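In the two assemblies presented below, subunit A is common to both, partnered first by subunit B and then by subunit C.
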Partner chain A sequence: MKPVLALAAAAIAVAFLAAVPLYADAYQLSLAITLMNYTVLATAWSLFSGPTRYVSLATVAFFGIGAYTVAVLAERMAWPYILLIALAVGLAVALVVGLSTLRLSGVYFVIFTFGLAELIRQIVTWYEVNVTRTLGRYVFVDIDAADIYWQLLGLAVLAFAAGVLIRRSRLGLALRVIGDDETVARHIGINTTFAKVALFALSASFMTLCGAVMAPRWTYIDPAIAFNPVVSFQVLIMALLGGVHRLYGPLFGVVPLVLLFEFLLARFPNHFSILVGLAFMLIVYAIPQGIVGFAERIARGKRGAA
Partner chain B sequence: MSTPLLEISGLTRRFGGLIAVDNVSLALMPGEIMGLLGPNGSGKSTVLNLISGALRPDVGSIRLDGHEIGNSAPHRIARLGVARTFQLVRILPSLNCRENVLAGIAFGRDALWGHAAEQRAETLLARVGLAGRAATATGELTYIDQKRLELARALALDPQLLLLDEWLAGLNPSELQQGIALVRSLRGEGMTILLVEHVMDAIRSLCDRCIVMNAGRKIAEGAPDAVLSEAEVIRAYLGDDDA
Partner chain C sequence: MFVAAVASGLVLGGMYALIAMGLTLQYGVARIMNLAHGELMIAAAFAAFWLFTSAAVNPLVGLLLVVPAAFAVSWAIYRLLLTPLVARAPNRDALEVDSILATFGMLFVIQGVMLAMFGGAYYSYSFLAFPVNIAGATVAANRLLALGFAAAIGLGLYLYLTRTRLGTAVRAVAVDPNSAPLVAIDVRATAALAFAFGGALVAAGGVLISMFLTFNANIGVVFTMKALIVVIMGGVGNLLGCLVAGLILGLVETFVATWIDPGLTLAATYAIFLVILLVRPQGLFGTASR
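Let's look at the complex of A and B:
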């Protein structure tokens, strides 16, 4: 009975969220898009990084690939084809990167993924400056804010569904074993390379599509906007603040931090990065388990005491 | 005459200038329990790491049931039915006891999933003396219970060949007796076992044959009592004084 109830609750929540563009004003819809954007990114991030504990800073690499593909292909073909091509490019990069880097562990992986995003940004910049001789592109597609919001909601639903299915599958167990002890994982018959690359690619696919869907938000994009490294850090902080050991955990980080970042960006535009860094340190120091883990510990403590 | 389940010949592995395993050969018959002895640093764990695929041999061959596995990935070797424990016990800390065993059931030979897997996990936990502890967090386990859990996870692979690396080390005398009885009961099921061990009682009561290593080389082979009284073996142990 319980899964049925959960499904019903999820359906009601989605229906409610889907109705947001119908009664929200422009500012509220814009905020809702930002929230949904980070929900997709943080959930996608924790699909892979949550169970495996491989901390990736490549989020914006894939997000940017999606956004840039749209900028290049806009007006040349129908929207669904653009999304498919963006997905294919993101997936291809994810597979190559996954196969070549997932042998790295710990801090080396973190640094590599950060470097990857910067590398792709530099390559795109070089190409635009030297080959197309345009740094920056206008994104002309006939897609309004409500369309963007609905597409992001669709991605969020898919990401959650993927997360639920994976958690119940053998693959989900394999990822948790990998997160605990990769040596043991190999010696009990888990093809760790396959499991890691599969999830890295799935996670990257959602990030790529998210970037593609978001591209029309900016009428103008250049590599610095599409591949802004702060995005990777923000997604990481949100996922950690919410807690990655539950699928819905990142949500609890996305909502407060999107609001906080909006506020900081409006009030302290020049010190934004520093303040993000401070928020990061505070979160990791104060609640290493994330909000959900913290709440569960308190609940357990209460039950234990009673 | 039957063929060996495990046949190793001329196995050699270097770490930089150090020859950790030096031209070692051995054969294990199906159902046999063989002890692998030797002072610390003599290369015993390295032999287990080579068989289980954690390391690749520099020279030599390792055959399981006639098939060369020397260059296979560890997960492939595990799926062929080679399970192992680790010298420093390695359980999966964020998984509970049931999940630790399920992890062994879900990916090994004849892997199971779902209800059948859960039932098998309960059976295996009971088998190693952890009945009723399925939902226990690993952080609450005593040292011997961790070792039991690690063994249950290895047995979950339904192994043809079980590699135990000092699995009996660090147990108190009564736990040791339970541990020996547990390993002996596996022999009753026809499992083939290669065990690295320092505990002489365990070696005498469990092993059909022993191999003694020193500085990477095999220096003796035979029945436990005979081997342990050989001059070179005594010298190897006295020289190192850690047995």
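Let's look at the complex of A and C:
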């Protein structure tokens, strides 16, 4: 597709999506918010993990930082300032984690992110119990469901735009080389640590903002809600199912899995985690390249045969 | 107070060392980064709990039932679920990523099964819970027993790996899986064996821990995390490093819980991990940096 056409198609899609709150009922809007939320998270996840192949299990750590910052600051200042502060906190944590673990082999990074959400949850809980003595906060801000939806849509557009720009830049090329072979990347003079940390921080920024935007959905937030590890897990499988080597890949995982999880949670609330785990293993074993990769391989096979 | 803290720190550290030895065998030899490691431990703890409360089976007898079962289950997991990943992975890094993803899925499946069976409540049972006086400090008898068993199992493993042919083969695969076949070692079978041994060790840790700690279906992740930290701290594949690092972690946690705040033990664990990563990423006793 020509760039102009692609841009026009994207603009039409966004305009169509922006109109959703005008004619959707409450349930449809809430489903649309969930879809948009996971679209932002999965796209942000694959911004970093797609090209570099570093598996991050820390999505909810940043999402929770955003949500919890809003819970603490709600009513104290105007909404844009709250978002900025949330962004700054998320960015700072991402830089500390990235600088200390991304210089090393990928497995250290995975392990550290694996426990990061739990660590932050425990520290926040400790702080709330011992210092502020209020475990659990109410979020009263003047933001309704449609506002949340539009903000998430804005974030999704930004995430896609960032993805497109990075892919065309030197940074994007550097990341793809790192993903193919990190030793080679170092030998041809790429500053691998800088590239990885920069992308990780960018991806974490989107996750943090997403959490901040979603916070008013709950009205009541405590650390266990904000730092729920299942979110990291779901984002990971959505991105993997869709396929992470294309920017639009995660979308193909988000839509079917959000609908599937809605259904499972409604029908089998007690066995949810078993079913999600099984779905995840099925994806890892059966379609490791994701739906997009699978479709591309079939298309290529047909062309090769003809 | 100090002696008591040291005693309970050593007990806890012994447990960490035991489950970390299991993980280091799985990661160092079979190259599987097993994120479901702690879940198997909690499953073993629930098995011991169930045997003790419903069939009045002494946990030490339970050890004889649970550990072989865990060995068999782990062996089957490796053969059925992980061998396909080993076969399709083009190199070691790809296998690491695949194994992390697959065992991450297993984590949620095992955890979900335990939640469905036992719910989210905390469990414990009372076994040999009388105090024993050591050097002025009182320690529960079950803790001492657990430490003794952990030491015996760890020593047994060490002797097995260093004094037998099979153990030597395991170490050879850990050093160089590509050269091991040249001296007629079956790498797949040895890796499966090491993985199964890892499962048996963590199950033993689970049974021993169930004698003195309360546990629930969600807590396995925390133990996996601590085992990973101990493995990295001690140097991947290094059993002695595991022992020392495990004891250090147990002591630090107990000291923080005793004198600072019990809510900050995990933060202290992470602080140690960060310092190790920054200063000595190859581990306290590691030599080759990866």
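One rule holds for everything that comes next: the second predicted complex is superposed on the first by the 302 of 306 C-alpha atoms of A that agree within 3 Å, B and C clash if a C-alpha of one lies under 4 Å from a C-alpha of the other, contacts with A are read in each partner's own complex, and residues count from 1 in each chain.
One rule holds in what follows: contacts are C-beta pairs under 8 Å (C-beta built on N, C-alpha and C of every residue); 3 or more make two chains touch, one makes a residue touch a chain.
What you see is a predicted model; the values in this text were computed from it and never measured.
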First, second, both or neither for A:Arg186, with subunit B first and subunit C second: first
Which superposed partner A:Pro229 touches (first subunit B, second subunit C, both, neither): second
Which superposed partner A:Leu84 touches (first subunit B, second subunit C, both, neither): neither
Subunit B versus subunit C as contact partner of A:Thr101, first or second or both or neither: second
Touched subunit A residues, subunit B compared with subunit C: C
First (subunit B), second (subunit C), both or neither touched by A:Ala145: neither
Touching partner for A:Phe280 - first (subunit B), second (subunit C), both, neither: second
Footprint of subunit C on subunit A - complex, ascending: 53, 55, 57, 100-101, 104-108, 110-112, 114-115, 118-119, 122-123, 125-126, 129-130, 229, 233, 236, 240, 270-278, 280-281, 284-285, 288
Touching residues on subunit B, where the partner in the complex is subunit A: 52-54, 73-75, 78-79, 83-84, 86, 90, 92-95, 99, 102-104, 106-109, 111, 113, 153, 156-157
In the complex with subunit B, residue positions of subunit A that touch it: 170, 173-174, 176-177, 179-181, 183-192
Sites on subunit C touched by subunit A in the complex: 33, 35, 81, 84-85, 88, 93, 96-98, 100-102, 104-113, 115-116, 221-222, 224-225, 228-229, 232, 261, 263-264, 266-267, 270, 273-274, 277-278, 281, 290
